[in-house]
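What follows are several structures.
Two complexes come next, and they have one chain in common, chain A, joined by chain B in the first and chain C in the second.
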Partner chain A sequence: MEITVLPAISELLLLLLILAGILATGIGYIWLNYKIWKYPFYLPLTLLFGISLGGYTYANGASQLAAAFFGTIPFLIGLYFKRGLKGDFKSSTYFLAPAVIGVIFLFLYPLVFEFYLSFRDLSLRTFSDWITTGHVPLADNYGLSNYIEVFQNRATGQSFIFVLWRTIMWTAINLFFHLSVGLVLALLLNAKGVKGVAIYRTLLTLPWVIPQVIAVLVWRADFNESIGFINQFITVVNQLFSFEWSGNVIMPLTWIGFEPKAWFLDGSALFTAACIVNIWLGIPFMMINFLGALQSIPHSVYEAASIDGATWMQKFRHVTVPLLKPVMVPASILGAIWTFNNLNVIFLMTDGGRYEGADILVTDLFKQSFTYYRYGFAAAYSFVIFAILCILTVIQFRVTRPRHASTT
Partner chain B sequence: MLLLPRGFSMSKSLSKRFLQLSVIHLLLTAACITAIFPVARVVSISFRNTDTVATSDAFNFPPRGEATFGDYVEFFSQAVIPYELFEVKETPDTTVTVVEEDPILVDPDDPFASLDELDAVDAPRKWYSNYTDLFTKHLFAQWIYNSLVISFSAAFIGVFLAATAAYAFARFSFPGKKLAGGFLFTTQMIPAPMMIIPVYLVVKSLNLGNTYAGLVLAMSVTTLPFSIMVLKGYFETVPKSLEDAARVDGCSPISAFFRILLPLSTPALAIAFLFSFTSAWTDFLLASTLIDDVELRPWTLGIMEFSGNFDARWGLFAAGSVVIAIPSMMLFLYSAKYVVSGLTLGGVKG
Partner chain C sequence: MDVQLEIKNLEKTYDKKVKVLKDINLQVDKEEFLVLVGPSGCGKSTLLRTIAGLESVTDGCIEIAGRDVTNAPPADRDIAMVFQDYALYPHMTVRENLAFGLKMRKTPKEQITAEINRAAKMLDIEHLLDRRPAQLSGGQRQRVAIGRAIVRRAKLFLFDEPLSNLDAKLRSQTRIELADLHQKIHATSVYVTHDQVEAMTLADRIVVLNGGDIQQIGSPMELYQTPGNKFVASFIGSPNMNFFDGALETKTDGRRVFSFAEGEFDFTNAPLPKNDGPCTLGLRPESIKVLAKKGREAEGPVDVKVKVALLEPHGHENHLVGLIESKQVIVRSANPHRLAVMNSSKKGDVLEASVDRSALHWFAADELGERLETVHPTLN
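And now, the complex of A and B:
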């Protein structure tokens, strides 16, 4: 089949046009601000400019929120110029302008919009109305019903507490295995006299460098209950370790749950499979981190410890762990946030949410918005998740900070 | 194998050391096998002509008592070695009587409908058929091209935005600097789907749904915090006196930035560019919500289509994965080191 080049080029031209327009408007506005900010009617003028911009967006069919947002932003920038920019900040403002414009358009406004949506009833029923007129009705209970529904009425039929519990389990299990296996592998690679570290390290980083979509989908193919490799492997290994006892075939590995499963139909098996895949994916990142930190520990520290008669265990406990902490703490915080927010693995393992039983908060959120089209509900839901994440991060900082300070 | 030291004798400490080293190598080899296994699987599946992942339709392993050691070895090797490559197939019988089939009802929405017809009247399949099918019967080349266009433009825009902002953060002081830094850090905590819903709605309402422009704009800001942190850290290591000298010679701040600082900080720019590029290259979430047309898809969506639940074409999926994975893995392996250090740097600095 032939590649069609032209549509992409025209799309890119459109993109360039949009970008140039945004940039020119933004920089022009800042230039204007610098020219006139000592003028006594400066603030009323920017206010007037903002009101007219908001009125223009509203007249073009945008929502009241967008009109209010784009009406307020010019005034806020004017206020910032009047109050904040007393000295020589001219060049810093110009350098910040592109990123600030990007963040305002594609980050701040969507965030504000989402906050607005969380009090509105935007679902499939009201969606076409919103597209044509820009009007979204207020949700029940003075707009709070979305937040109430997060804890009560959920289309997926799984209670919020249960999904939250599963998410915490998911984060804890994954983080534990990432950290422990990553640390063990790094220690093995760093052991004295091991040859071929470069080869081992390259091979062990493969799970991290292979595109995630491909890796997870290969695993999904192998978890298929009838044709996949995993079930066949389990059957064969069980057979290998089986023995006969008074006429019955006994497979000791099945006692600990090592047996063929319908991986996608059984919810807990699906969750296990997703955990296995994510553990496999996440170990190399921790391994590389720890290996870098281990290699930077000077050998003389260990020699001094062995002169003092420290055993292998004592060296690990009193030399390696304290020196690894500066790497371990940020890596584990980062890893916890990533795992908590990891949508990709479960989304792909459940075939875009088609299989039930392994949803964590973020995949549930995605499903609520793009399978059930409950946008208003999902907006409220996402703010609840964000609040939980903030609380967890604060707790994690509280727990890790003092210990970290006392050891160093 | 381990090389024994020159003066090797079976003294107690040496044999203990030998044992230790062999245990380490054994563990590392086991870990390597686990790490490579899916990669080996995907390569072997890509050479199979069936649409399944299994070697044969039925799983027939000899029962307990009859299975020999050879059977176990064969089972494991069949999983990762494409035997089709080595076996000489008998030439298929050419005098096949054409069976009159009932005309199949074609679903107009099925993107594979016309291709299924193509499949029906086809030459006998070769060991490389999956690869040729990708480019002759499917839009795979188009999808790769789309991904390249999207990723390059998203990375360019992202790095441009990040570089200018990082310069302001590194060199100038301005009111609200601390607040902006804290804001950038919190953005890393926001769950991805939380941003996808409003971005999707905003892009839809701007009539930019199903276009590259909307997709690229949305992608370019996602890696902004990381890029700003990396570039800011690097800009701070470049001595300020260089720019000051240029300023004395009559250079404006903007041209000092573009002519002096940017050429000096190509390594950091490369890291930021690679990170933005790879995150756009492997993204499927934004694309799956924003892009509808088959012709506009990036490769991730195409590959997901192949692995769909009800009409999975694992052979095509595996071949496509190999085509994509080899260059991306080489790129990632090259950049992994730098990106890891940049990520933890961002974490430390907060």
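And now, the complex of A and C:
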């Protein structure tokens, strides 16, 4: 595998540039919106957007009719909102409608269509038929064969249960470290009399700010077997703790598995590496959340507790934890879902699926479906994952719900 | 009487530079209600927090009930504190809030219940026990905070401006309840406030602080009638005392006259400082008496002519802002005859007034402005 550090840095710069561009566009958009409602600038601007959109579609080979249609969309949208704001149609429905339409077309319709597809045999073989006639044959076994295949006929040779088990491990390990390390860091940053908190906070938030792609690429360079930092570090530490005994060099740390590894070729090492990277990436989110919650606890409450005779452990247990709970519960549910569904890190760490041994359900889905153009199968697989997530979420809500909701 | 709290030579310096408390010496007797007053930033809260152990001490020592607690953590001092923002535990019910301190001290269950019921009854919060702090009004939260102190039966109660987050009406009502409570449970208390009405009405003794220094310690009436220096004189009493910078001199005919830039008073038969020379005269607003046309309120020498600038009727009394030449003075009266004279006056009218010779306050002309001893002329 060829990984050098240099391209990663140039990529980083490029991506930061793109990020800045996106940010500038966003701010510009908001600013323009603000101006637009009041100034005649409005019409030329929608026209400009229209012309660019139409021009773009036309340049990409759409028919003139289609280009004209796209060209008028910004104008129509602009007109719609302008009329609303002028007071002709000031009702909540009027302003909700575009969003509802958006949700229906971008979210509900695909979901329903995907459900439909999961019972159909849409694959490379039937794809051209579907394009020309719009017809997709029902899958075998009364349409259930996609679902059966998810559990049985698997291209990667790893059983579904095994991948599910690994996914749950992945989620549990990551969430555990995200929450615990995030909490510890937040407590440290919130401690009384710490100097330079702003600097530490910025540094600790960095992993979250850097685009995941960049971060993972850098980490991959670090995990490189021969030139990566990790292996070199392990070697040096081992040498530090080594000693000679009757002519042999003894390195006690290697006995507990602390030794240089072929991180990408050894399946369990790859899983460990992926966990390390994702833990590193996920800590800042929890830390910032917890820090915010901690800072909203008035200092005097702790003082009251110390006068009431609570030790620091009791203060943590009876004051900090209960007051963090409203933040901790949603954060951990969100974190669990994100981690469970985290394609990026595993996908990039396995170099797009080239390396085996670290796949979780979503990357397995990706690998098994899109490498082989099995669309119906992919739809069925994602519904299975969806169902698992729903069950897990319901369980989590049950477990974390307060025992007795306060009355009166 | 037993001394419950003793503070000796206490000093507190923040960040090795800012000296907030300077050589504080203080004793609080058992069952006494001591009030700390002073302007904002004078170190009242800091003093209270060092007593509580929430703030370390730079120098000196603190004893509670005869035990040196200078370096003891707050939990070991057997104190209870009521905070300005109440500092209730937001996630606990009122009952749990009250119980927390007892639980931490491993009090038996039955005793906790008994204490909570006692405090709840005393503070009239029995119907609120199952609510959370967010479901209470400001006054109710205040009671819970006080309740948290009561259940502990601590040796010393500390209050840091407990009423300042309440509106004026509720504040005066709670003030009365606090006084009532103190009469019931006789808890030794140190109470911080910058409101002098609270100080005057609640305190057995008042400590006036300024710039980290104790200015004077005494009962409310002592402070009012014999303020130890100009600062105390101006801080205690509302409206403020009127000050006249000037000099005392003995005329050739034996009259003793105090003259200041805008005029002079003939004080021949009044208690005065022994020596002539520059000094400051302090007159409480009620010591300048507007003279009525007839009756007892018309008696007395005409000492000054006050030009009316502004009249503030309060119903039961009037505050009159007047001018002696260009010097502004405040005159107060609750006497119906004098009120009538004030009420019938208009801006710009000149009223004749007499100075009550038994209520003159004399201060040295220097920066500190210490109270000067007076002698009665007939005694010489």
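Throughout what follows, the second predicted complex is superposed on the first by the 311 of 408 C-alpha atoms of A that agree within 3 Å, B and C clash if a C-alpha of one lies under 4 Å from a C-alpha of the other, contacts with A are read in each partner's own complex, and residues count from 1 in each chain.
Everything that follows uses one rule, which is that contacts are C-beta pairs under 8 Å (C-beta built on N, C-alpha and C of every residue); 3 or more make two chains touch, one makes a residue touch a chain.
Just so you know, these numbers come straight off a predicted model, no measurement behind them.
When the two complexes are overlaid on their common chain A, residue A:228 makes contact with chain B while staying clear of chain C. When the two complexes are overlaid, the chain among chain B and chain C that reaches more residues of chain A is B.
Of the two partner chains, chain B is the only one that A:98 touches; chain C does not reach it.
When both complexes are overlaid on chain A, the residue A:347 reaches chain B alone and has no touch with chain C.
Using the contact criterion defined above for the overlaid structures, shared-chain residue A:239 touches chain B, although it does not reach chain C. With both structures placed on the common chain, the touch criterion links A:322 to chain C but leaves chain B unconnected.
Look at A:306: by the touch rule set out above, it reaches chain C but stays clear of chain B. The touching residues of chain A, counted against chain C in their complex, run 298, 300-301, 303-311, 314, 318-319, 322-323, 325, 406-408. Of all residues in chain C, only 52, 54, 73-75, 79-81, 83-85, 87-93, 100-101, 104-105, 130-132, 135, 148, 152 touch chain A in the complex they form. Interface of chain A with chain B (complex): residues 1, 3-5, 7-8, 11-12, 14-15, 18-19, 62, 80, 84-85, 89, 91-100, 102-103, 105-107, 109-111, 113-114, 117, 131, 134, 185, 188-189, 191, 193-195, 200, 202-215, 217-222, 224, 226-229, 232-233, 235-236, 239-240, 242, 249, 280, 284-285, 288-289, 292, 326-327, 330-331, 333-334, 337, 340-341, 343-344, 347-348, 351-352, 354, 361-363, 365-366, 369-370, 375, 378-379, 382-383, 385-386, 389-390, 393. Contact residues of chain B toward chain A in the complex are 2-3, 17, 20-21, 24-25, 27-28, 31-32, 34-36, 38-39, 41-42, 45, 52-54, 59, 61, 63-64, 67, 72, 75, 79, 135-139, 141-142, 145-146, 149, 153, 157, 160-162, 164-165, 167-168, 171-176, 187-199, 201-202, 204-205, 211-213, 216-218, 220-221, 224, 228, 253-254, 257, 281-282, 284-285, 288-289, 295-296, 300, 303-304, 307-309, 312, 314, 317-318, 321, 324-325, 328-329, 332-333, 336-337, 340-341, 343-344, 347-348.
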